[in-house]
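Shared between the two complexes below is chain A, which has chain B as its partner in the first and chain C in the second.
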Partner chain A sequence: MQEFVEFTLGGVSDGVIYAAIGLSLVLIWRATRVLNYAQGGLAMFTSYIALMVINATGNYWLGFVVALAAGLVIGGVVERVVIRPAAGKPHLNTVIVTIGLLILVEGLAGIIYGSKNRSFPTPYSIVGAKIGSFDLGEGASPSAIFTAVAVLAAAGLLAVLFRYTPVGLRMRASAFSGTVAQLMGVRVGRITTLGWALAGLIGALAGMLVTPQTFLYPNSMDSIFVLGFTAAVIGGLDSPGGAIVGGLILGVLLNYVTGYVGSNLPELAGLALLILVLMFRPSGLFASTATRQV
Partner chain B sequence: MPASSLAVTDVVAGYNSTPVLNGVSITARPATITAVLGANGAGKTTLLRTISGFVRTRGGQVRLDDVSLTRLAPDHIARAGVAHVPEGQGVITELTVEENLKLGLLLRRRADRAAALEDAYRKFSILADRRRRHAATLSGGERQMLVIARALLSAPRVLLLDEPSLGLAPKVVAQVMDLVRQLRDESGLTVLLVEQNARSALSIADQGVVLNLGKVVATAAAGELAADVALRRHYLGF
Partner chain C sequence: MTLARNAGLGIIACVVLLVLCSKLDAYRQYQMAQVAATVVAVAGLTVLIGVSGQLSIGHGAFMFVGGYATALLVLHLNWPLALAIVASAVVAGLAGGVMGVAAARLRGPYLAGATLMLAVALPAVAYQWQGVFGGDQGLDFTVNTPGFLGASFQLTEWQGWVCCICLVIVMVLLANLLRSRIGRSWRALRDNETAAALAGLNVARLRVLAFMLSAACAGVAGSLLAMTMLNVTPGAFTLALSIQLLTAVVLGGLGSLAGAVWGGIILVLVPPFLTDFAASHGFSSASASVPIAGYGLVLIIVMLVFPAGIQGGVRRLLGPVAPAATGPVSAIGRRLARRLEEGSTTDARQEGVDKEGTRWPDTAN
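Moving on, here comes the complex of A and B:
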């Protein structure tokens, strides 16, 4: 029983991180129908920026805020400088552009910061909580709880933004029909930039939350990106809520597989889950559209 | 708001290197309905898309009263007071009826939005009953009402309507035409109405313009066009 609780809580803790990456991918997909392969790389880069600030000031929270701000700015700049020129051209162009951006960002990080693994601080303890002699594991540590709260709060704020504010309505209208949005006076270009900026912020948040577990190096977010992408596809690339649920399902599943079957199998299990979802629910579990261009 | 006039003067526009409009001139006078008629491929839809900025002009001018709209972006033109209801309706099916309507309100002052929305629900009671539903669940006629209501919520000075009767049952077409007539008579709106159904359009219009292969071949009072048997048979098919 203790193992089950430990694996479940650990899965939830990992899952919210996959969810955060998935959420950032969903934000961009909804706004521009682009899958940003560089999302993980950008999160890695903002984590480096945070680490520099933390090392220089000794203040974790200053680094945290700077990372989120950097994610916001970098996301917006990437849209304006890299993505917009490829808009309206064949879909493959954008795919290649984002892959090229990933290579560029990882290369830059290697040049600027070197390729060695760097440890990354956590704001709270990673020691798991106990109820009497019942050990809940690292999934119930203060750090894990902070991770879950941070991601769920971000998702909640985004949900409120989308559902209840004029900006959110502009973003949704631009995503579903840029032409109609323009007819209603919406500056679709600005809204698209905002979508990428917010995605950059969420990606930076994911980077800050996951990096303490993985060390920081130029490729440190690659595998996390794949799992975040899987979470987004499971939930349906159109659905922010779906990305959260997809991330949680994936996190818990991978922890069960690691704990009960073998530590070398979780990636395989993740891919198996992805294939199953694509076979039986190709639009994902929560997608609003029935078809997707592959 | 005083009624506005829309003047299209010697406009040349098209897609890629192919001009679709070749020196088109049309003036929609304040608080009137101008029907733009012609066969498929005449350039009617391109004309509206050019006015609303989706097709770039290569020559000529588009003016709303004293303001030039030529080469402005579509969102600028919308903010200047031109509401375009595109062919195929332009409902965002993923949003609810109310969310679609709220898009129209984005151009209004925040303080006016709630009252304007309630006013729209009074005028379009069918939409009030369906406000929480997704727009995808609406019938063709209801969708047409929705896009017209949404356009009106932006408080436009000129309304561009592209084939509002497309795919609708005759009874619903009559309702839509009645609505357009009311907009002119009660709200003083200037309407540019593109229609394949020339008979319906001329029945409510003040003036008609006939396009053929991107050129204006006739401009006259709607009654005169309807009475011109040769022109009707040659260009309008009735």
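Moving on, here comes the complex of A and C:
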């Protein structure tokens, strides 16, 4: 019983990270129909920026804010500088551009910061909570709770933005149909940049939250990105809520498999889950029903 | 007709490559073997992505299958090398068939996600069943030069020969296949799946077949790499390898076998070149990262400046001779098909995709 609670809570706290990465991918997918393979790499880079600020000032929260701001700016700049010029070219080119961006960012991080592992601070303790003698594990530590609250708050704010603000309405209109939105006077270009910027912010948040566990090095976000991508695919790339649910399912499943079956098997379990979901729902769990052509 | 011509060209290419291989020193022979093996994998992948229109970011996984199949067969059953390579192709092809069946309904990023996860997950098999696959250390095995070449014949030269011969065989087979009914069917379903299905093509079966075939190529490549390095480790078949294959396909020129050759050469030869360059220009402390950053930059620039890859650039230089696949008939068909679909799937961004008359899968992402 204790194990079960421990694994479940650990899974939830891992899962919200995957959810955050998934959410950032969904934002970009909805805005531009592009999958940003560099999302993890950019989050790694903003974490390095945060670490520099934290080391220089000794203030975690200043680094936190700087990382989010850097994510916002980098996301927007990336859209303007490399993604927009690729629009109108073959679709696969954009994929390769984002992969090139990932490789570039990881190389730059290696050149600037070196490739050794660095430890990363947490704002709160990572010691797991206990109820009497009942150990809840690290999934219930103040740090894990902060992680979950931060991601869910960000998701909630995004939902409010999308649903109740004029900007959100424009973003939804652009995602629904760029041409129609443009004809109705929406400046789709700016909205697209905003979508990428917001995704950069969410990615930077995920980087800040997960890096204490993984250490920081140029490839530190690779496996997190793969799992976040998997979460978004399981949930359906058009659905922000789906990314959250997908992330939580994936996190909990991987923790059960690691805990009960074997520490080498979580990736295989993730693959099995992904294939299983996609066999029944080829566009993810929460996809709006696609028109089937053949 | 085509078969005879391709086979003739293949024999000539084979002789040239073998003679070239004999003239090189051991390190260059090793590099040549690596290039040949990589080109085999890239060629298979370019057929899958560029001709059948399905994206895979996980072909390193099939190289993993091929490499381990060869190592196990040679190590435990003492199979002769040629037989082991063929068997590796079959095993990897079957694995590709399983993945293909699972993937047949998937499109774009969903297919990308599934294959990406495959590349990440499969090496875990080697860690989980260490008794069979040797865990982190992998499996070591030996290859002997055949007796009729004489005792002084170098192993690296023999490895180079085997890789080049396999490369030529695979290329001739693929070139023929692309000119055959199957190749035409793949192009049809890549350009418009609905139209292809209405014309009576079995879309699901064709897609699975493409997956099997390209996985078999990756299996041969993995087998050749294993034979070149005389060992297999899970660390040799990482996600990075899969991504590199994909970048080589697009850099070289999507859907083109000649482009696959360019891509393979770049993949193997450019990183050491960049490392040397970085070391000689005072980047020594970060020399491992400079080629990485350089490669990323090259990818971005090439994609923005030469959207059709190197082979596309070469084709443009050599004049307006259109390759068979982009003839006027297929262009008209595409335009008709687009008109039929108008209103249902048009999107401002996607509309621009085919303006240059290029032949790219619009499902890819």
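Heads up, the rule we're going with is that the second predicted complex is superposed on the first by the 289 of 294 C-alpha atoms of A that agree within 3 Å, B and C clash if a C-alpha of one lies under 4 Å from a C-alpha of the other, contacts with A are read in each partner's own complex, and residues count from 1 in each chain.
In the analysis below, contacts are C-beta pairs under 8 Å (C-beta built on N, C-alpha and C of every residue); 3 or more make two chains touch, one makes a residue touch a chain.
Predicted model only: the values in this text are computed from it and were never measured.
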**Asked** Residues of chain A touched: more by chain B or chain C?
**Response** C
**Asked** Can A:V160 be said to touch chain B (first), chain C (second), both, or neither?
**Response** neither
**Message:** Just checking: does A:R170 make contact with chain B only, chain C only, both, or neither of them? Give me first, second, both or neither.
**Reply:** first
**Message:** Let me test your reading of the model: by the given contact rule, A:Q182 touches which partner, first (chain B), second (chain C), both or neither?
**Reply:** both
**Prompt:** In the superposed arrangement, which partner chain does A:A56 touch: chain B (first), chain C (second), both, or neither?
**Reply:** neither
**Message:** After the superposition on A, what does A:V149 contact: first (chain B), second (chain C), both or neither?
**Reply:** neither
**Item:** Contacts of A:V127 with chain B and chain C, given as first, second, both or neither
**Value:** neither
**Request:** Could you pull out which residues of chain A sit against chain B in one structure and against chain C in the other?
**Result:** 177, 179, 182, 188
**Request:** Would you mind writing out the residues of chain A in touch with chain C in their complex?
**Result:** 29, 32-35, 82, 85-97, 99-111, 114-115, 177-179, 182, 188, 218, 222-223, 226, 229-230, 232-233, 237, 262, 264-265, 267-268, 270-271, 274-275, 278-279, 282-284, 291, 293-294
**Complete:** Per the touch rule, the chain A residues reaching chain B in their complex are 166, 169-170, 172-173, 176-177, 179-188, 288-289
**Request:** Quick one: which bits of chain C touch chain A in the complex? Just the residue numbers, please.
**Result:** 49, 55, 102, 105-107, 109-110, 112-114, 116-118, 120-122, 124-125, 127-128, 193-194, 197, 203, 239, 243, 246-247, 250-251, 254, 283, 285-286, 288-300, 303-304, 307-308, 344, 346-350, 352-353, 355, 358, 360-365
**Prompt:** Given the complex with chain A, which residues does chain B contribute to the contact?
**Reply:** 52, 54, 73-75, 78-79, 83-84, 86, 90-95, 99, 102-104, 106-107, 150, 154
